[in-house]
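Structures follow.
Okay, so chain A shows up in both of these, paired with chain B first and chain C after.
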Partner chain A sequence: MTRHTRILMSVIYWAFIVYLFVPLVLMVTMGFKDSKFIGFPIRGWTLEWYASVFQDTQVLGVFAYSMTIALATTALSLAIGTWIACFLGPHKFRGKLIVFAITCLPAVIPGIISAISLRIFARLIELEPGMLAIILGHTVHNVPFVALVVMARLATLPKSHVEAARDLGADAIVAFFRITLPYLMPALIGAGIFCMLLSFDDFVRAFFLGGYEPTLPVLIFAKLRSGMSPEINAISTVVLLLTAVLGLWAERSMRRLNKGA
Partner chain B sequence: MARTESDYAEAAERRVSAGRGGQRRSVWGRLLANDLYQAVSAVLFKSERRQFWLLASLPLLWVFIAHLGPIVQMVWISFVDSYPPTGGRVPQFTVANWTSFFQEAIFVMPFLRTLAFAFVLTLCTLVLTYPVAYFLAKHVKRQNQLLFLLLLLIPFWVGEIVRTYAIMILLGNNGAVNLALKYLGLIDRPIPFMYTSFSLGVGIIYLTSLYMLLPLYSALEKIPNSYLEAAADLGAGSWYRFRRVTLPLSKEGIASGCTLVFLISTGYYATPVLLGGPSTTVFAETIAGFFHVAGDKWPVGAAFSSLMLITTLAITGLFLKLMGRSGRSMMQ
Partner chain C sequence: MIQSHGVQSSGRKAIVSLEGITKHFGEVTAIERLDMQIMAGEFITFLGPSGCGKSTTLRILGGFERPDRGRVIVDGQDVTRLPPNKRDVNMVFQDYALFPHMTVAQNIAFGLELKGKTRAEIDKRLGELLDFLHLEGFGGRTPDQLSGGQRQRVALARALAPDPKLLLLDEPLGALDAKLRGQVQVELKDIQKRTGKTFFFVTHDQEEALTMSDRIVVMNAGRVEQDGTPEDLYFRPRSRFVAEFIGETNLIQGTVAGRDDSAIVIDWNGLKVLGAPGEGGVPAAGAAVTAALRLESVQCHAERPAGANAIPGRVVHRLFKGSRTALDIRVGEREDAVLKAYMDATDAARIAQENLWVSWDASRLAVLRD
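Then we have the complex of A and B:
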């Protein structure tokens, strides 16, 4: 590789980083601008928008609503995804490939189609649009990710560990809770945080499955349709900080997992 | 040697009798010694077969009902004349929902536009992120790779709406791009980037490029440097090395990256609404239109969704086949 191509590539890399960060930096900056108008030039700075967001009971309520959905989704996705992984991982049976493909299906279906089909499904099982419908939708979307991550981790668990536990008298359930589950923990923490992010950030499913009460992305969308405002920047910045912290935490636990902790 | 349940039964017996010996026991030990628990456990785990079906029950129910159910239901709805059912009317079978698609240009155009958009954007994303992934995998020192990768990852944890909004600010008439161009003296009036296919493209690439970058990175990272050195020793120039060694060996990454980006970019709804204009209506918006109004348009929306699902899956399936691998290995 010549020196020129090497330099060219590092320029492309940094240009790409700039492309990724500049919009977000701008968005954060505009949240501190002392004017209702989003754009340049900036003449003064203020924290007023943050103050008004933290006093806005609607925003706080919606935040709590989104959080509840994310937590419930995460708990359900982890339970179901782990169960699927424990079933699909070690067992061989006819039709396994089909079951595996159906497990992955919700992860590859385009978002709008997934949302529409779940809306129709919710009507079929007579689930009113609202919190429960959103939780169902998000869980369906997240389960494949959990199952894949847990299956990867499960494949590295030496069979002898479980056998030793069984030799010492544990039954299948106790062996699962005392050997398999602790071994899966780093994968579960990582997958769990990603579930929270996916659920908290999701727009399209929440939009079609939600009732009158919006989730945070749906609220931001509705506000955006009636025009930009610095308050949206303030809300978005809080969301951005929260997701970055959660994401870094997830990344850390996944890295430790790869090192074989 | 594979062990069976009967091998473990003896061990369990020993464990229980030891537990009764009055030593201190853990919660789990006490649970195992509990008569009721033993009875339940004995019924549940009587045979390998029963254990298998017990373990299989929830996963099979879940994936067939919750994963497959909505899709099957959607396809079924697309063949009836009215849904949700009203006033005890029995829905009649019809193909009118499907045929209505071909009768109106306002349906066909967004459909073709969505596919063309997704195709072009997938190609752009590939060209844009390949050097980035290559740089990361081959030029950054191994101990720094995590840091460089994290820098790319952080923006992608932020949700669709927030990132779309960030692009709106970037490309607005008073946004940073127009400001910079004006400052450089290239323009005196802001260029209207927003609500065009340009702004939509920038937004979608912004949302999807990670799904291309990560598969590319992991494919490129696996290529041993010795292969490239060997090619160089045999006199291959850098372009020839790239074309004959790097590119073929990163084919898997290209295939999964393109598949993911294509499928994901056809599915966005909010981003085209916010960044696009009347001339960039995508099929997701057309579909959504049938679900905003009262129920009787659902079957048409379901037919259109099914059409789009079948088309996108067929295109990606064909693509993966052309790339010489089955969809199955992509998932793993």
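Then we have the complex of A and C:
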């Protein structure tokens, strides 16, 4: 690589970083602005917006509601995704590729299509719009990600580990819980965090499948329609901070667990 | 039908019987009608090139493969259809298969816990094993903190912990470096003697097999080529395959010229040489035969030795190899009639001339089957 291309590459890289972070920085900054209007110039600073967010029982309630949905979705997606990975991973059978393709389909179907079809389906089976419908909708979307990540990890588990457990007296179920599952743990943590973020972040499915109670993205959207306020910036900043911490923690614990394996 | 000779006569009882075991993988025949008895307390090695069926036999004993036909009897019980966890058989895996998320102590205790032992019993057995295998103080470590040799000992301790009737070892020395391997061979043989356990060892390394085994079964293409003590296999190979697979050997091709007491007289390019008949009996006069002679069984003399059946030869190559000297000796008139011999370096130096006499004990020239 010549000197010129190297300079060019780093300029492009830094331009990308600026493009990535300037909007975020702007959003965070506006949350501290002592004015009802978002935009420059900034004449004074305040923590008032944060105070009002943490006192707003509606926001807090919706946050808890979204969290509950995210946790339930994650638990369900992990269980189903792992089951599919263990079922598809080691066994060879006719039509495996087709089963695999069908498994992955929900990950690539456009959100709006998936949301509408889930809404129709929910009405067909007389499932009330609301928490359960959202959880099921999110789970359908998340399972392929879990299955893919777990399958990749499972492929690196030496066959002899499970055989050794069987040899030492474990039946298939004990061997799964004591050998396979601990080995999959880094993948499960990673996939789990990813599921939480996908679910917490989702707007379209939650909008179509939800009842009267909004999830956090739906609430933010509703608030936006009644006018942009720095309170939204404050909520967003809190969410941004939480997800960043969660993501970094997941990355760290995955790296630590991978080292042991 | 393969007879297990020698070992059986020592009065041990058979702990494992394989009866007519046949196993196919698709079109490939892995094992063809294997009948075998394994005696209690013996160190038996299945030796052969990859794909000969030795590992499949091991996996059938462990319960990881089911034979297409035949039965596996362990201590009087038919275990052919039992899964690995229902058998009193444990295995040391080629890659050791230590559980990475458990400590050494947890690894070793795994089988004991599943047997429903109490904590006190487990701790007692664990202490014994760690002590026995020189692993004191390593109980709290994880497998990635151990050296290759230590991992191998942990794998051994884990497999010995539930007190199995038969211990399977699947090339457990393959992952060790050459220097350590020699040391571990001695250790392993020692552990087998001290525990009195029946060891079923699988390897493609003939040196390992010769060093450790009470009995070696040489396999080739799913069939048993020979079953005997290391000495039997080395000095009295039954087939050309065994003769060539184990150690270095001279192969002599000639025709049967007659008999001399218990020995067979073979016409080898006009030279009359003496050999010992194999298990197949004495072939008819005039039959073409192949015989094997170990390099160190060839004796060289400066003068014609009295009484012995010696033949004259001429040294074509003399290679000094430190502990011994390798000689290529042309015997008779033909170019390709060359015997290889190993000599003590000082003895070889004493025979300085090109022309010498070679002889051997007739029992050392093994006439091969086929």
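The rule is short, and it goes like this: the second predicted complex is superposed on the first by the 252 of 261 C-alpha atoms of A that agree within 3 Å, B and C clash if a C-alpha of one lies under 4 Å from a C-alpha of the other, contacts with A are read in each partner's own complex, and residues count from 1 in each chain.
The rule we apply is simple: a residue touches a chain if its C-beta (ideal position, glycine included) is under 8 Å from a C-beta of that chain, and two chains touch if they have at least 3 such contacts.
Fair warning: this is a prediction, and the values are worked out from it, not measured in the lab.
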item: Partner chain in contact with A:169 - chain B first, chain C second, else both or neither; value: both
item: Which superposed partner A:231 touches (first chain B, second chain C, both, neither); value: neither
item: Partner chain in contact with A:179 - chain B first, chain C second, else both or neither; value: second
item: First, second, both or neither for A:160, with chain B first and chain C second; value: second
item: First, second, both or neither for A:40, with chain B first and chain C second; value: first
item: Greater chain A contact set [chain C / chain B]; value: B
item: Chain A positions touched by chain B in one structure and by chain C in the second; value: 163, 166-171, 174, 178
item: Chain A partner contacts - residues on chain B that touch it in the complex; value: 3, 8, 11-16, 18, 28, 31-32, 41, 45, 51-52, 55-56, 58-60, 62-64, 66-71, 73-74, 77, 83-84, 128-129, 131-132, 134-136, 138-139, 146, 148, 150-155, 157-163, 165-170, 172-176, 179, 206, 209, 228, 238, 259-260, 263-264, 266-270, 273-274, 284, 287-288, 291, 298, 301-302, 305, 308-309, 312, 327-328, 331
item: Residues of chain A touching chain B in the complex; value: 1-2, 5-6, 8-10, 12-13, 16-17, 19-24, 26-27, 30, 37-40, 80, 83-84, 86-88, 91, 93, 97, 99-106, 108-121, 123-124, 136, 139-140, 143, 148, 163, 166-174, 177-178, 197, 200-204, 207-208, 217, 220-221, 224-225, 228, 232-233, 236, 239-240, 243-244, 246-248, 251, 255
item: Touch list for chain C against partner chain A, complex; value: 62-64, 83-85, 89-91, 93-95, 97, 99-101, 110-111, 114-115, 142, 144, 158-159, 162
item: Touching residues (chain side chain A, partner chain C) in the complex; value: 158, 160-161, 163-171, 174, 178-179, 182-183, 185, 260-261
